[in-house]
Structures are given as structure tokens and as C-alpha cells.
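This is the structure, below, for whatever I ask next.
Residue numbering begins at 1 within each chain, and the chains themselves are lettered A, B, C and D in the order written.
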Amino acid sequence: MSNTVITLDEVVAWILAYARAISENRAMLTELDAAIGDGDHGANMDRGFKAVSAKLQAGGTDISQVLKTTGMTLLSTVGGASGPLYSTIFLQAAQACAGKTQLTLQDWIVMMDAAAKAVVARGKAAAGDKTMLDALIPAVQALKDAAVAGLSLADALRASAKAAEDGMEATLPLIARKGRASYLGERSAGHIDPGATSTYLLFKTAAAALAQPQVQARKW
Amino acid sequence: MKKLINHPDDVVRESLEGFAAAHADLVRVTMSPATIVRVDAPVTGKVGILSGGGSGHEPLHGGFVGLGMLDAACPGAIFTSPTPDQMLEATRAVNGGAGVLYIIKNYTGDLMNFEMASDLARDEGIAVESVIIDDDVAVNDSLYTAGRRGVGLTVLAEKITGAAAEQRRSLPQVAALCRQVNAQGRSMGMALTSCTVPHVGHPMFELPDDEMEIGIGIHGEPGRRRVKLQPADAVAEMLMEPVMSDLGLKPGDDVLLFVNGMGGTPLTELYIVYRKAAEIAAKNGLKVTRSLVGPYITSLEMAGCSITLLKLTDDLTALWDAPVRTVGMRWGI
Amino acid sequence: MKKLINHPDDVVRESLEGFAAAHADLVRVTMSPATIVRVDAPVTGKVGILSGGGSGHEPLHGGFVGLGMLDAACPGAIFTSPTPDQMLEATRAVNGGAGVLYIIKNYTGDLMNFEMASDLARDEGIAVESVIIDDDVAVNDSLYTAGRRGVGLTVLAEKITGAAAEQRRSLPQVAALCRQVNAQGRSMGMALTSCTVPHVGHPMFELPDDEMEIGIGIHGEPGRRRVKLQPADAVAEMLMEPVMSDLGLKPGDDVLLFVNGMGGTPLTELYIVYRKAAEIAAKNGLKVTRSLVGPYITSLEMAGCSITLLKLTDDLTALWDAPVRTVGMRWGI
Amino acid sequence: MSNTVITLDEVVAWILAYARAISENRAMLTELDAAIGDGDHGANMDRGFKAVSAKLQAGGTDISQVLKTTGMTLLSTVGGASGPLYSTIFLQAAQACAGKTQLTLQDWIVMMDAAAKAVVARGKAAAGDKTMLDALIPAVQALKDAAVAGLSLADALRASAKAAEDGMEATLPLIARKGRASYLGERSAGHIDPGATSTYLLFKTAAAALAQPQVQARKW
């Protein structure tokens, strides 16, 4: 049976699990970025989430505070395009849950929706531009659809992970219009977007850490 | 991967430490956050000129910190924009009361990080203006994309705005000047080989022995198209033509011709390209009144070159000629 | 072979033409015989400083022609000593009545050609002195061999004697100073990759991905030994140790530390080597009071570096600091 | 039957034949020099002898003058170590035959002996140092031996070519003590010296151009 709320400990566990996933998939993210970007996405994310992990080792006292610490740490350690964008996700989520000691599905939807909108505002990209938004927007939409359909928190989280995965995979044929991959023009087609991949991992670890039982692990 | 490094994680830090040790007469270096600041900053009453970006393009930007050019540079990880806290720290260090100009190469990451930094700086009451350099004609300019990259022109913009700031021009004036430089300059680059980001450990792309990439940027990415290897004269044509036509130059125009090395190409070869580029310029009625040849904005050890043309005015020429005292560019002092 | 050239036969000429076009404010270039002469030569009453050697080491020597350094350079074919008629022509062009100093890197061909040139110049009544630079500790000095090669120290010798000549020191004094520099400086180099002479069309030697050459010169030749690839810090040790021990430096000595790039190695990496070299110097009680980091004497596009240490005196330091205005080295003016 | 003197036309033919031999063997000389020197010997010699060929196209009026023109042209076009050394060979030969309208074997020996001695004086190398002297010195010695043995001019020239060839081949195991190859120390062993090879070609073409019938062609 799955829980109906997300606790502080689970949020911390989620972020730490994501940091591990980034570290494990660092080389893969790097290769994806080397193909159509500049080969630093794995190193960027890993540098940032290693710093985040170090800060969160002692756990946290407040969900919003944990998310804010994560966002601020990413901002000062990642750089590149992914630094401000991932930082934005966590800072927006932090703001949207200020004061809450546990999170319902509805809270989570509000947080992720705010995050996605802020990423659009900051990066001025849209769905289909072959960016992390191609995983993020469908993931948020899946959460909303799940809520409408009355799914449990756990099922909603799993649905968002699945939508993020599908969104990531759908970036393969796209011609990039934003980020470094856009400089390649048509040569950017035929490669999965590295940022969409790291965003998929974010929702995948959310489903694993915040919902029971674990979603099926991808083979990377 | 054959590099004179210790560990990929330590490249930028250790290189910066070496730079600091070698050039303590010109710059002050802080390590966390990483900044390179002109030794006498802040200069009271002078607009501070600040730039930065990923590392791997040396001597840009750290090599251009000093009198008459940048007041500070923020080095990011290799090919990765620096972070807002680096920029904020550098902004504070160079604000002499007349505000700070950010010269930003047009990359999504650089834009976003500088944007956040300028918000933070303004919150502290520091006047900040940003100018985006987007001179690479290999990339189509479009509202629906990230637009053109910022490449070779950045070097010229830093020199010229730096000289204007020394003259105590105001922040709006220096920013307008920088926009003028950006409007009057264009670049295009090519590669004979790829380069290896230390963290990646292998070349960014494979290029057969008889092919080259035309329209590359400065981040080891492949270019717009791959063509058969051709002689230097043909390469010069391929780069000069789009640059000249995009700039819409007229016979009689004064220009600065800048042949930049991508890192792994010897000076001998850059001069062979310069020779032909100057000949093409002359054939088109342009007067090359100023020149720059060498590796000034590089892409690690990539072999290749880029050509930048800047249409000069008397003001720009005088600012170009003004004294500069940095590690990577120095004259008149 | 991937190079920005047209035809191997035209590399030196076309590059020289480009150089001449780009730097007409600093140098006069003649094509046959090929010479690069300071724009205001001959300077009356000043000793003319002349050097030259094979091409492929740019910016050496042509990039060091100008006020405060060389009065003329004679560029040979790639890695080939120039000919006596080039040297004679340049000697005539720079003789301001106080005689001419030849700074010769110790290679058989350079020695013989310069020797013949000085015979011809003396026949014309021009006072000529020659100083041979042989600073490469990778090669054993011996009466029975060609002796040590002339490498990185050449750059420092040209700067320092050039400054002394500007002060109107006499030919014997300038020659003695040059010999002093040669006695007080040593170098050693290493390579990560080979380089390709245009006429040869393939790398001079094959170096596996996990190996490097220690004790190389500047002509693409393999070094004294081949060892496993090692981190930059270990490389710095391997070069610093023989240089320091051969020089017999004492704690408290002032030194100039020069980390030179062989052509294909980015500045970032040179600073990583500099960092460790400076640390080693400090550990041995040396005071690094002057530094130079960059590709100043190269071997085409070879990746690698050399380290030169020059023991300084107050006189040498002041001459090093004196104004210099050349394409490749410029300060104070 | 072979002739007993060398004429002006034969001297010109010899130098032109040598220029062709250098051009044909340029890549081979370059490779030999790339192995233990700096890879320019083929280009150096070819540049010089192309210039010489151009000068001698119209023939000549005087043997000594032809040799002097060759030496001066080499001096101003070759550079490197081989420029002064080959220039010295021709200039010394020119001096040693001043005024002569044809050359006997004895004249030829005097010329080549003077040339070899001058190369030693200029380059300060000795036999066994792995240089062109290792072909030049035996070639001159063979000429002298042939004269003592009463051989014909043609046989003497062939003997000198053979001695130069043997001398060249004997450089293979040597450790170089002079020239650029000396910097390699023991790594210079196992390679034939490029200068000894070009010197062998000089005596080989002399035998071919100045003596009849032609010596057997080497396979390069």
C-alpha cells in the first residue's frame, strides 16, 4: 500500500537518490552532450549534485528549506545552461511549498507546475525545442492528468516518470531550436537531448523515492 | 587523451593557480568563487568591464584582464558558463562607482547566469548593463532559436570597451559602444580537427583525414557542414565571403581583420590564411587598417581558425590603438 | 596531413607574405633573400641584433623583430637553417655602424651558414660577433659531438641582448652579455605528440596514446627517452630537476621561469605545468622573480612543453623589464 | 671502350643527372632524415639542385665556372647543414680545377680530395660520425687506390661509387656524433644516414655520367 503524502525525509531521500543517479549516469549524459552540445552536461550535473549531497548529508528540518538549499547550491556550483534551469526548478518548488511539513499530490503538482513555468520563463524555450522541457512539460501534464483521473500519489508519480521518459525519447528526431544543440541545425536530429535525459532521471527517482514500490529500473 | 593535466576535475583550478602565480603583477585571483580581477580594481569613477564564460578558450577572458581591457573575468568549468555568485563577487570587486558592463557571449547558459547575477547586483545597488555578443555568421539569426553564437568579435569588443572605460565614458556610453562593435563585426570559423574536453576523454567528433568542418563554434562542436579538405586560400574564401556579405561592407570601408587560431594551429598557418584574407579584402575594396593574428579565443587544442571583420570608425580605431596591459594583449604601456 | 596551407613548397613564403601584410608597422620584409627587418633599421650607433634559423618555431625569430629585441631575423625553410646570403643581406640592413651580433642556436647547419655569413660581412668591413646558444640539458655536452641544442633560452637571450643594444652598449659588451645569459640558463622539453613537416606529410615519429617523449628538441625529433604518459606535475618534475641541477642554483637565487608551449598545447595546460614548476622552484629555495608562459619557440603543432630557468642578476632583470615592441613580445611601449 | 678524360659537357651532364637523381629520391632522403634528423634533407637538396639545374640548362663555358656556379647556387638556396657542405664540395672542386678544359683521373682525385678535406674542415666531423663523410672519404680513397692500381678513369669512378655505397650502408649501425642525429644518442643507430645517401648518389651519377657503360642501377 502506498502513502498519500510526501515527507521531509522522503524529499531528502529523493534528492540524494537523484544525486546518485546523476553520478552513475554521468558518462552517459556527457556522451549525449558531446554528440550535440559541448560534452559537459554529465560533469556539470554531477558537480552540482555532489555539492548538494554534501549539504544534505545531515538531513533537513524543513521541506521548503531543503529544496531551497538544493536550488542555491546548484546555482553556485553548476553554471552552464543546466545550472540556472535546475536551480530554478528547486527554488520554485521551494517557494510553492513554503511552510508545508508534508506534501500531497496536489502540492506536488503545484510545485512542479510552477517549476516548469519558471524554466520556460528563464530559458525562453517551448515544447518541441529539444530541451529538458520536452521531459518536464509532459511529466507535469501527467501529474495533472493523474489527479483528474483520481490516481494515487504513487501512481501519479509513476505516470509522470513514464511521461518524462517518453518525452525524453521523443527528442530523438527533433531539430534543436534552443541551447547549444541548436547551432548544429539539422545535424542535431538523431540524438536524444541530454537535459531531457537528466530531467527524466529526476522524475524517475521521484517515483522511486516518493512512491512504493519502485518503478522498474531503466537499464542504464 | 594526451594532455598536460593532473586530473580532469582539477584542470581549471590548477591552471588558475598557475596563472595567478605567473601574473601577480597584473591580476588578483580568487579561488572560491573563481574570479580574475585587475590588480588595482576597483578603479574609482571608471565603468568596470566584466566578462566570463567557460574555460578552454584561453587567453580569453582571464588573459584580457588589466588596464585598458577587462576589469574582471569569471572562468567557468571547461566550456561551461560560470555561476552567478562568481559574477556577483567580481561585480563587487570592480565597481568603482560608475557601474559595471557585462560582456556576454551569446550562449543560453551564459545569458541566464549573467541575468541572475545582474539581478543580484542591482539588488545591491550596483548599476549593471549587459551587452550580448553574437557575431557568428555560421548560425542563422532567428527569434525562434538561441540565435548566433558569440565568438571572435568578443576579443575586439573587450579591447575597445575597455579603452572607452579608461577614458571615463559613462556606463550607457560604454554599453552603446559595445553594441556598436557587435553590430559592426562578424565572424566565421572552421576546424581541421576536433578537441578533447578533459571530462569527456575523447575528441568531440571524428573527422576523417581528408575532411574539415566549416562553421564551427568555440566549444568543440561540429560545424554547419563537413567538406573535403581544401587549401588555405579556399578556406579563407569560405570564411571571408559570408562574413563580408553579412556585414554589408562597402568599398572604401576601413576594417580590422582578425585571423584567430583555434588552439592547435601554428602561427605560420594563420599567416597563410591572413595573407589570402587580406587579399580578398583588398579585392573587395576594403582597407585593412588594423590586424590581429594569433590564438586569442581558442577551443582547447582544436586545429583550425576563424576570421573576424570589424568595420572601423575613427573612434573605434583610436580605442583599438589605446594602451592595453594584459597577459594576452599588450601595447602602449 | 591536415594543415592550413596551400602547397608545402609555398608555406614559408606565403606565411612571410601574410606576416609582412599584418605587421607593416613593425617590420620590413624582403622575399629574396628572405629577411625580416625592424622597420626603422639601421639604428645609427646601435649594435644590430640578428638571429635566424629554420621556420616552424614561430613566433621565434620573426615575431621578435622590433625595438628592444632583434633588428632582423632570417627565416629558413621549415626546420632548415637560412643561407649566408640571407644573413648577409640582413646584416647590411641592420648595421648602424656599431656592428652586428649574431645569436645562433647550436645546430650544425646554423653554425656553418652563420660562419660563412660572418666571413662575408667582415669582408665588407662590418664588425660581427657570434654567440651560440646551447641550453638544452637533454643532450650531453661533449667535444666529440655537436653538443647541446639551442632551445628556449634563445627567446630570453634575444630579449635581454636587444635591450642592452638599445642602451647603446658596445658589440663586445652585448656579446659578453649574451654569453652570460647562455651560461646562466638551461632548458629541457617534452612532447605528447609529434609534428608533421609539410614536405614529409606524416608525423616525424609515432607516439602511442599512453606514451610521451622526454628530452625533445624543437625539430620534431624524438627525445632522449620514451616513457609512459604521466600527470603534469610529474612532467614538471622531470623537466625541472635536470635543469636545476645542471645550473647549480643555490637557495636564494633569483630566477626567470619560462614555461614554453611547443605549439599544440593550450595555455591552460602550460599554466598547470607552470604551477608545479613554480612550486618546485620555491621548494628549492629559488625566488621566481620573473615569468614567461606561452608558445614562444615552437615545433609546428607539436603538443608538449619545455621549461627554461635563467638565473637573474639585477642587470639581467632590468634588461628583461626594458621596453620591447615586437609582434610576439611587447611591453613598456 | 671508355674515355680517359672528363669534358665540360660531361660535368654538366653529371650535375644535371645528379639533380634528377635527387628529385627522384627526394622522398627517400626525406624519410631517412625524418627517422633520425628533421625530415628536410630531401627537400633541401631538391630545392638546391632544382635551382642549379635551372642555371645549367644553357650548358657552361668552363668546367671550374660550372662547378663554382653550382656551389654558389647551393649556398644561397639550400641552407641547413647540407647547404654549406655540398656547396663546399663544388666550390673546392672548382678551385682545384681552375683553368682546366678537361679533367684526368688525377685531376678528379685532386678535386675530390680537396672537397673531402674542406667538408671535414667546415663540419668538424670525422669518419665514423655517421655523416656524409662516411660515403665521401671512402669514395676518395677508392679513387686513389684505383689510380695506384692503374685502373681506367671509368673503373676508378665505378670503384668510388661502390665505395660510397658501402660507406653509406656502413652508417646503419653507427651512433651519430655529429649533425642533428647526434641528439638522438643511441636511438640514432639502426638507420642509414641521409647525407651519406645523397653523397653516394653523387658518386653513383658521376660514374654513370662520366664513365661508360653505366653502372648497374640501384633499385630506388
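Of note:
Rule of thumb we're sticking to: a contact is a pair of C-beta atoms (placed from the backbone, for glycine too) under 8 Å apart; a residue touches a chain by one contact, two chains touch by 3 or more.
Since we're looking at a predicted model, the values are computed, not measured.
Set against the Cα centre of chain B, the chain with the most distant centre is D. Centre-to-centre spacing of chain B and chain C amounts to 29 Å, using the average Cα coordinate of each chain. In whole angstrom, the spacing between the mean C-alpha positions of chain B and chain D is 55. The mean-CA centres of chain A and chain D are about 76 angstrom from one another, to the nearest whole unit.
One finds 33 Å separating the Cα centroids of chain C and chain D.
For chain D, residues touching at least two other chains: there are none.
Touching of two or more other chains is recorded for no residue of chain C. Chain contacts in this assembly form an open path, with each chain touching only its neighbours along a single line. Those residues of chain B that touch chain A in the shared complex are 8, 33, 54, 76-85, 107-109, 112-113, 115-116, 138-140, 144-146, 149, 197, 199-200, 202, 204, 217, 219-222, 224. Within the complex formed with chain C, the residues of chain B that make contact are 2-7, 11-12, 14-19, 21-23, 55-56, 58-59, 63, 192-193, 209, 212, 229, 231-233, 235, 263-276, 278, 288, 291, 293, 298, 300-301, 303-305, 325, 330-333. Partner chain C is touched in their complex by these residues of chain D: 30-31, 34, 36-40, 42-44, 47, 75-85, 122-123, 177-180, 182-185, 187.
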